[in-house]
Amino acid sequence: MSFEYNWEKIREIQPLIHHITNSVTINDCANMTLACGASPVMADAEEEVEEMVVQSQSLVLNMGTLSKSYIDRMIKAGKAANQQQVPVVLDPVGVGATSFRFQSVERLLAEVKFAVIRGNASEISTLCGSRAGKGVDADTEFETILPDIQKLAKRLNTVIAVSGSVDYVTDGEREVRIYNGTPLLSQVTGTGCMSTSVIGCCLGAGLEALSSAVTAYVAVGLAGEWAERMKGNAGLGTFRMYLMDSVSQMNNQWLAKEGKIDAR
Amino acid sequence: MSFEYNWEKIREIQPLIHHITNSVTINDCANMTLACGASPVMADAEEEVEEMVVQSQSLVLNMGTLSKSYIDRMIKAGKAANQQQVPVVLDPVGVGATSFRFQSVERLLAEVKFAVIRGNASEISTLCGSRAGKGVDADTEFETILPDIQKLAKRLNTVIAVSGSVDYVTDGEREVRIYNGTPLLSQVTGTGCMSTSVIGCCLGAGLEALSSAVTAYVAVGLAGEWAERMKGNAGLGTFRMYLMDSVSQMNNQWLAKEGKIDAR
Amino acid sequence: MSFEYNWEKIREIQPLIHHITNSVTINDCANMTLACGASPVMADAEEEVEEMVVQSQSLVLNMGTLSKSYIDRMIKAGKAANQQQVPVVLDPVGVGATSFRFQSVERLLAEVKFAVIRGNASEISTLCGSRAGKGVDADTEFETILPDIQKLAKRLNTVIAVSGSVDYVTDGEREVRIYNGTPLLSQVTGTGCMSTSVIGCCLGAGLEALSSAVTAYVAVGLAGEWAERMKGNAGLGTFRMYLMDSVSQMNNQWLAKEGKIDAR
């Protein structure tokens, strides 16, 4: 399927990507944003999130490590972003794991309009209404909840991106499946968070929401494939280094040539 | 001495390891847990620590960067873990450095039962009652406090693991010394924290407490030795990458063949 | 120009460098401090910052991710450091970006005496009184604010270090320009923060403030140049690894032979 990649726009525009994100992978997300050619800013103080976000080209909200006050600040930043037409992407990390996370996401979804929501199958299925989101990661089960995901995307007027052995992106109408990647990506912490940051970079460069999610998935997937080839018999430390290497060398030609997507 | 390693159990069971840990090395601990074949979850909100820990196979409490509220949440998680027989490992980082740290550990020890406590000689000697724990790192002095360490292990009904040029593990009766490792391990931040996470992985895979500490020390020690050989004339950045590589490729054969332990 | 480097003093004295720093690059700063041969301690609890700083040989205050309470604790630590003649270095990250950051720096400057303040041209120009610090990064504009920077250094009785394509250090009288480095350094997160930590290491080893800033700039610049050569056609992940490698292998000979400085 032919899909137009606009990766170079990130390097051209060098958008400022405001993150309110978790303490586990915050460094990885900053480096991934730089590797894409954008500029990260990680500011989460109540006193400044609004002032920061309106200077930014997109906002990444990642609830990996959260607290009540954290969600308050995310909502504050998200509302300011909405008012100024700064696109917002949400990563509902572990939303199915605790009721606190579930309630936090409900607050976020009620208060903020998201351009893209990215999670794994378990997280997204939880958003679709089933608190018992675990085990949905299996591919066969995942197919059964696709109608719910499309319905949710329509209801929230957002693009939903689901990471898995095959990545899935929908705006409720269009559907795109991305076949790039490697299982090694799930053996390094933060590759999900980093994908969300790459979506933020694409949104910040002016790409449309669905294209942003697809482009990010292809880019991270190809980077993973390349890192796996490059590492040879080495282990996860080497893989992780080459992952960052390849994103920093990504370009439209590479995406167009090796991206494996199926769009309907 | 013959010691039975059960490293593959981590990859087989893929336990969920709940960390409440410091902001300095939280990413390293997550990646180290993944390299072992387990799954890390880093959640520290008051509202969710109890719900998270009861879904986990072990709990790692690391007080590298702490605050009063942090200790409260550690105690909350630790108590829930104790009730559900989820084993807990403590890393009393820098306990001898400030009275706040000393009092925080006293609260933790009074409220939570630990399967393993891991620290360096200075930290463990502080736990033994001497606030003036500094300088104990010297090997000769360390030998003089062994009876105190054994007494403490018995009193707390725990396993105590002491990192040093020779690592030492005791449950108050048995004693194991581990001779693997390299001084380079102390020139990278977080190798102590990562050892504690590896103990958490072993505990989460169902290994007995003393075996967990010994296995973790041998694994990290061998990984360090291998990383030192692999780096050749390169520096600490390369060493750190290979350290993660080798843990991700650790196995029982390697541990049994190159582990140097002396048990009584 | 002949300049006497005292890098080996860091390895000789192994100073303890107390950091109160941001969550994005805290791990990088700890590893950079270790790579220099010093010992990092990252403690920011209200209850312990004073007790920790008086055991340290220098204090690094970095406001990358800040909050009101964070600034309170920085001031507490900074005052204790001042009383005990422990030198303090400030990194006013993003001071021009929000009014909260600007007010926070004003509080810090009013309450704490700094040995060195290190920032980029935009940040330092904001400190010079112009809130509209953006765009000052351009080299030509930068020259126009040099008199303001010298005036500020004199007024605060401090050394000001400005990172840029050419680094600039002044105590209000003397001026040093450092021509080492590579644009790649700005494509990895935390290289500014890490430079500040290296200044902290130099101060902690007893180097004079101006020498500390110059030495740190030359060391990080040379490390970047070497990492760029070593990475060849590889990307930012590899560059970052070699950056840490080369700092861990830095020495006076290297600094003296390849350092390019111009002092007046």
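Order as written gives the chain letters A, B and C; numbering starts at 1 within each chain.
Just so we're on the same page, a contact is a pair of C-beta atoms (placed from the backbone, for glycine too) under 8 Å apart; a residue touches a chain by one contact, two chains touch by 3 or more.
Nothing here was measured: the structure is a model prediction, and the numbers come from that model.
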Checklist entry - In graph terms, with chains as vertices and touches as edges, which category applies: line, ring, star, complete, or other? => result complete
Checklist outcome for this item: For the copies chain A and chain C, the interface residues, called same if over half of the numbers are used by both and different if under half, are different
Next on the checklist: Suppose each chain is reduced to the average of its Cα coordinates; what separation in Å results between chain A and chain C?
Outcome noted: 33
Checklist entry - Tell me, which residues of chain B touch at least two other chains? => result 23, 27, 240-241
Item to check | In the complex with chain C, residue positions of chain B that touch it | outcome: 22-25, 27-28, 64-68, 94, 97-101, 187-190, 234-238, 240-241
Item to check | Touch list for chain A against partner chain C, complex | outcome: 23, 26-27, 30-31, 34-35, 40-48, 51-52, 55, 240-249
